[in-house]
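The letters A, B and C name the chains in turn, as written, and every chain counts its residues from 1.
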Amino acid sequence: MQTFGWPEALFILRSAGWTLALTAIAFFIGSILGGILAIMRLSRSKWLRRFASGYILVIQSIPVLMVLFMSYYGLSALGIELPPFLAASASLSIYVSAYLAEIWRGSIESVPRQQWEASASLALTTAQQYRYIILPQAVRISLPPTVGFLVQLVKNTSIVQVVGFVDLMRAGMLVNNATYQAFQIFTLVGAIYFAICFPLSRLSRHLEKVMNASRSH
Amino acid sequence: MPAVLIEDVHKRFGSLEVLKGVSLSVEPGQVIAIIGRSGSGKSTLLRCINGLETFHAGKIEVAGHTMTQDPKKLRELRKDVGIVFQSYNLFPHLTVGQNIMLSPRITKNVPDAEALRLAKEVLAQVGLSDKFDSYPDNLSGGQQQRVAIARSLAMKPKVMLFDEVTSALDPELTGEVLIVMEKLAKGGMTMLLVTHEMNFARTVADTTVFMHQGKIWESGPSKELFANPQTPELSNFVKAGAH
Amino acid sequence: MLFQDVLSKWPMILYGVWLTIALSFIAIALGLVLATAMTALRSLAGSWAGYVVDAYVELMRNTPFLVQLFMIFFGLPQLGIRLNGLEASILAMTLNLAAYATEIIRAGVDSIHRSQIEAGLALAMSKWQVLKHVVLQPAFARVWPALSSQFVLMMLASSICSFVSVQELSGTAAIIEQDTFRSFETYIVVTVIYLVLALSLKLFLNWLGHRLFPQVSGLARLTEAHGEAA
């Protein structure tokens, strides 16, 4: 049995880097997909709206663990075997897309109706309304919940080991299997997650305060 | 050729009829005040004139356009009809100058330099030249409303609609807005104003229209109307004051 | 694709569903009690209590549930406390949910205007009575939607308890997958079941909300309709 020393701690820290990379990629791809879904949700076509709503409802009503398994085994069934990092990224992106789509749709709907009326009265087209008036304001509104969701994403990366990827959590478990010093190990692992998430949570709350301040006058 | 022609307009909200056959004709340069209780249909009528509200019977022609729901034609109509809202509705993420320049630039393709000149001109007209780079957040209600007027003026409209534009303002701030509106009226702008400012209606508007239960109950030259109401409803309304 | 292999294991699946529901309800019940206690503690005790509660909440909300679970299951034995998978799961879920619920309830409590409390006190109510009737009851009513969302999220998070060999629905899925090698079919079935469970729970909680708080119609609803995940 090994002792829990510096090499083990460094292994854990390096894996934290992978967790961050995974988070970044899933967030990036999920954002693009989420944006498309949000547009579909707001589109004039009944079928696009329904598809997007259905997709979002399903993803939000099942455990992230199932999203991971479904995308992994779903792709398997289609004959596509992805290496662990890509499998994890793909699954997490799907998870992210549904939640961000909801947040962003909510943000767009939060822009006051009067902004639509004022811009329409100035003869802007719908596309111009979105581009110059609605989206700039919606983006601002969406910042606090989007950053808040980023925290969820980081925490949810902790289960990607089920598709074979060695992230921060898995690294901790591997070291635990070798050293049986769970308390110290998971304190370190927890501390690292905390170090990543806590500043983001604070940022989200700060953004929310700034938003509320500027909205009430 | 009237600037605004409203013919027998009917409008329903679900099963509730809000406008029950309203007809009104406004000549260019005329200033019409529309008064009445809440629920009389006055704001609804005003908002029909620039297409923010639809109606199911009747006809509206304004500034040479016939009211339609066709988006392209509606936009052309809206270039000639300006509206100022009770809650100003300035774009909070743009400066005052940007608020004013936006539509001329992107809907009328006015070049940037010309748009800048135009914005400064209308801002001077409402007395806020020094606020060009300020954000709406940093202005008082009265100032924001004047910017809203300037924003509409920058489109060079033929008709201006004012929807209770002083109702949300603290009393000390209504004056500055009314002064701007009076200047506009004297300058020959065709104006329709829904208002609670009885004094303003009496002194600045050529004609006042009193609405009640979705119909035009009484209308006529302002001074005459206020001095000699012909119906008990108007009589009570005037006695009760603004509301 | 043969679903027959998977569906023939329905007794196991049913047990997994039952355990998921049981775990969730126990965690929700205990978690709510704990959260209410912490909220009361925060309001009534001094500011040191507030700091302790805040620290606890921040800790639980900024670390993954899996880490918390493993800390309890693998870490506590080092301190002499040995819990089996099920016990560790219940404890972890309770502690986790309590943290989120405390935050949500706190938002509800904060929305009760000071003047309400003053009115209660002026009517000769005790601090406890004011807390119960003037603060907590309306606060709960206001944040019920956010709380409900959090409960559903907690039920979905129970899937993580499979990592400590608890045979709730996900744990059962893992076993069935190993037995039948029908990975895709297994997880489709289980996913559909989770979907049904989540939607049913949502409906149930909506109904419950109307029963418990009939006075809430257009009252200001705080916090977004979906809360945060564990």
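Everything that follows uses one rule, which is that a residue touches a chain if its C-beta (ideal position, glycine included) is under 8 Å from a C-beta of that chain, and two chains touch if they have at least 3 such contacts.
Remember, it's a predicted structure, so these values are computed and weren't measured experimentally.
Comparing each chain's Cα centroid with the centroid of every protein Cα atom identifies chain A as the most central.
Put simply, the chain farthest from chain C by mean CA position is B. Averaged C-alpha coordinates give centres for chain A and chain B that are 46 Å from one another. Centres computed as Cα averages put chain A at a distance of 21 Å from chain C. Between the CA-based centres of chain B and chain C the separation comes to 53 Å, rounded to the whole angstrom.
Residues of chain A found to touch two or more other chains are absent. Contact residues on chain A toward chain C in their complex (touch as defined above): 58, 60-66, 69-70, 73-74, 76-77, 99, 102, 106, 145, 148, 151-152, 154-156, 158-159, 169, 172-173, 176, 181-183, 186-187, 189-190, 193-194, 197-198, 201.
Chain A meets chain B in the complex at residues 114-115, 117-126, 128, 132-133, 136-137, 140, 214, 217. Within the complex formed with chain A, the chain B residues making contact are 50, 52, 71, 75-76, 78-79, 82-83, 85, 87, 89-93, 102-103, 106-107, 137, 151-152, 155. Interface residues of chain C facing chain A in the complex, by the touch rule stated above, are 1, 58-59, 61-68, 70-71, 74-79, 152, 156-160, 162-163, 170, 173, 183-184, 187-188, 190-191, 194-195, 198-199, 224, 226, 228-230.
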